[in-house]
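So, here come the structures, one by one.
After this come two complexes, each holding chain A, first together with chain B and then together with chain C.
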Partner chain A sequence: MSLSSSLRHSNSEALSLSQQSTQYLQKHTSTGTSTIPVPFISYPESTELWLMYEKLLLSCLRAGDDKAAHLCIEKLIDRFGATNERIMGLRGLYQEAVAKDDAALGRILKEYDEVLAEDPVNTPVAKRRIALLQSLSRTTDAIDALTELLESSPTDIEAWTELSDLYLSQSLFPQAIFCLEEVLLVAPSAWNIHARLGEVLYISVTSSNESADGKTLAEAMRRFCRSIELCDDYLRGYYGLKMTSDRLLSAFPDNSKAAGQILSTDNGELPMPSTATVRKLNEKATSKLAEMTRWTTARGYNYAEVVAAKELLDKSTQPKQR
Partner chain B sequence: MVQTIHRDPALFYWILFPISIVMILTGVLRHYATILLQTTPKKLTLPALREQRQLLHGINLRTNYSAISSASFAARKNYLVSAYKNGDFLKDPDNRGKPAGNPMTDPAAMEGMMGMMKGNMAMMIPQTLIMGWINAFFAGFVIMKLPFPLTLRFKSMLQSGVATRDLDVRWVSSLSWYFLNLFGLQSVFIFILGNDNAASQMAQQMQQMNPSGAGGMFQPGQDPDKMFKSEAENLEVVEHEYILKGVEERVLGLV
Partner chain C sequence: MPSYLSRPLTVLGLLFLSHACYSAYEHSTLLTTFPQSSTIASTSTSSPPTASLPLDISLETIISVVMICVGLVVGAEELKPITWRVWAGKVERESGGGGPFQGLEDRLGFVDIRVGIISSMEIGFGNGGLLV
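This part shows the complex of A and B:
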């Protein structure tokens, strides 16, 4: 899981981190290699130091500083040995990064296969292999490998999210939704996953031929509501809420009667929301989005998301002005 | 009335300090000995891993069912319940229904016990030696006087090895100083060796209270098949409730 965590830094952060790498490496050259730790003289080595190295490695690779990355990986190998699972995963990552062409990548893939044949429980390498399959654009193979991995460890959130993305790229919406639901079973209050599930539901509605699948749309809207409930200034949540409620309003201009009928279903499905509620939600989302786009930069929202939100707002206000 | 005992000040330097120093050094030594004796935790095989994770999957489903819709929940429940009942996820399906083996014959369990033994030994041996050393050389000395008065209850704590009834509680005997060091040096070890040291015996005892942890959820001697069956029963009785029910109203009510 932690392999990808530092990939969530923004580009500029990664760059600035990697620029500090030479300094950092020089500063810590002595502590990393001391043979016997002497109390008082050398600080006891901490887990943080090595986590730092790992993060440094990842940001160096991202910034294209392969030399510094090589130093980091050497340090890690010196400390933990080349047979450590996590180190094997990181080393694979480095090799993939410096590989020149597809043939080199193929060799690395073969290496991974050998490692996995020897030790099938080596999760970091298994994950690297899947990522490599993806970057070789062998998506179906990657999906197969992922399902195999998930069969033996069905509580791995990272793998489930990855699989859902892969399914989504193949437009297999029910499967993608299933995967995201699995993620929610492990982390039920992850608002970003709730919003993501809403997005996938929404995409599945928009891409299907029948234009008005009210149930799925309502479900998507509710997912966004839940994500807002969990994190009440989540831009993506409001954005999705606005999109879905807009669509619901245009597809079902007045369904107050129908809502009353469906209300009595007792097979556990939720009734359609009434038009009044949807309208209210839409207004709330619009006002909140407007508010957010106003003082965004100070609060560290993703720039692209803010621009998208502004665009959405402009689009929805234009017809009214005319 | 203040009790005075005329004692050689050399007692102070030649007993109090040696005991403290020796205790600290043994702590440091024990820390490194434990590190050396540690065996790397044995890796789980794929079927064993699968067995554990699939059980965990069921537990997750049972605790967080409200995050998914009732249709999705029912599908997952049916799949897991039938798989649990069939024993699809068992590490060795052939052993199903047989009583769990004796933990003494299970090599994995043996290894765990050996690890515990080693830890115990690293603690017991130095303790016995130092205790013997103190008894042989320093037994029966009164080595210092505390600068504050204490109630009578502390007598057994501060004056073990000196069997006098009338002695003021403020006097500390050498054996008691040893015990005080034994239990009180934790923070010193943290200062010297860092936070997760193996020097203090208190920490060791805490560990033994809870030997599982990294070892996984299955204690030796527990039958995974039974655990799966009971989990299946737990899943079957779950009454589903959907978190998205009424979420619009909740959000609108938020402000």
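This part shows the complex of A and C:
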């Protein structure tokens, strides 16, 4: 328990945000309290204001500033009422954060169950319940609840990605891949989900005991290519492309084995890419990554990602020099 | 052409255009005040007086309009990308790995507040987030 509370304090960014929260709350008190809007005198209330309160609530809780968080949630309840679904979810979040021990969390879970018994389609509370189950490391229960939720709302892509992560944590790769494919059906241009799917496919190949599954690797490579196609200079995509193409080249150094697979996969599936194509893609990814690591963080890339890309490049160039 | 030329060029063009308009107006007043002078100036009496607008006024109008157009185009803001991939790359870099689909990986609905939030969600939703 002490570990989780220290983690809540760790992020300096959240801390600095929450330090500004008291000022922010004082500044905006007048806008929240007036019930009847008077034209030209009171400010028109905007959606952004309430979204801001939500974000503020989250960062306050994360930084451990429970007092300011309480102020935020009170304001939200004043405005939207305690029976609003979204507010119920946020209130649950607040209660979870200030809960002292596991017994308190268990009580919150019971409360969620009661709410859901009355109103089974209360999505925010259902999601909170799943998150809480996960937090109590009851992952299988969380998966069951999540599949139930998805049966009633199959277009909720946030839930699909969550389910994919849960399956991945249980090393159920085909299920995790299926979930991400469902996400892509709803949001086909989400480049980070394409990259994520590539990563999951790659992980499924590396963790399996078989030598190398060429078809899955090729599929992963295609996913990374698609993410690059959707987003210019996508570091994550190029990183994945380099990893997968490196592995493909080491697993299938000559075209003979790959050519054999072209004949075998004749049931509507895409054929294996030729070795020449993979080599070309590998060269492209290498040169692009080298270029991007030279730009470093000046162009807004994540520093950790750039460092990781540099390491990958160094690793792949060392054997050649020897 | 450098962009700082935009404003002087536009102002100069507007000045020329107003001058041309005023000249045309003066010319027409001159014709109505002294109708016989137009018959002397133009060989045929049947042609309307507007047809005999001097060449320099027409030229001034055209040149001034071109100058205004060029001035406005040069001074226009930098064009926004309309290709998806260029736009996406820009969003990705400007928000430091954010973008409209970042919400799918942060998943605020499922956030485990007791461990902390994984990525920079407080700043991630700034630019037209689809998923809030």
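Keep this in mind: the second predicted complex is superposed on the first by the 297 of 322 C-alpha atoms of A that agree within 3 Å, B and C clash if a C-alpha of one lies under 4 Å from a C-alpha of the other, contacts with A are read in each partner's own complex, and residues count from 1 in each chain.
Quick note on the criterion: a residue touches a chain if its C-beta (ideal position, glycine included) is under 8 Å from a C-beta of that chain, and two chains touch if they have at least 3 such contacts.
Here the structure is a predicted model, which means the values were calculated and not measured.
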{"item": "Which of chain B and chain C A:A131 touches, first, second, both or neither", "value": "second"}
{"item": "Touched partner set for A:E291, first chain B, second chain C, both or neither", "value": "neither"}
{"item": "First (chain B), second (chain C), both or neither touched by A:R196", "value": "second"}
{"item": "Which of chain B and chain C A:P188 touches, first, second, both or neither", "value": "first"}
{"item": "Touched partner set for A:D232, first chain B, second chain C, both or neither", "value": "both"}
{"item": "Contact breadth on chain A, by residue count: chain C or chain B", "value": "C"}
{"item": "Which of chain B and chain C A:E114 touches, first, second, both or neither", "value": "neither"}
{"item": "Contacts of A:E219 with chain B and chain C, given as first, second, both or neither", "value": "first"}
{"item": "Contacts of A:D314 with chain B and chain C, given as first, second, both or neither", "value": "neither"}
{"item": "Residues of chain A that lie at the interface with chain B and also at the interface with chain C", "value": "229, 232"}
{"item": "Chain A residues touching chain B - in the complex, by the definition given at the top", "value": "39-40, 44, 46, 119-121, 151-156, 178, 181, 184-186, 188, 219, 221-223, 225-226, 228-229, 232, 267-270, 273, 277-278, 280-281, 284"}
{"item": "Complex interface listing, chain A residues touching chain C", "value": "4, 7-8, 10-11, 13-14, 17, 51, 55, 58-59, 61-62, 89, 93, 96-97, 123-124, 127-128, 130-131, 134-135, 157-159, 161-162, 183, 187, 189-193, 196, 229-234, 299-302, 305"}
{"item": "Residue ranges of chain B in contact with chain A within the complex", "value": "28, 43-46, 49-50, 53-54, 56-57, 60-61, 64-72, 192-194, 240, 242-245, 247-252, 254"}
{"item": "List of chain C residues in touch with chain A within their complex", "value": "84-86, 88-90, 92-97, 99, 101-105, 107-117, 120-122, 125, 131-132"}
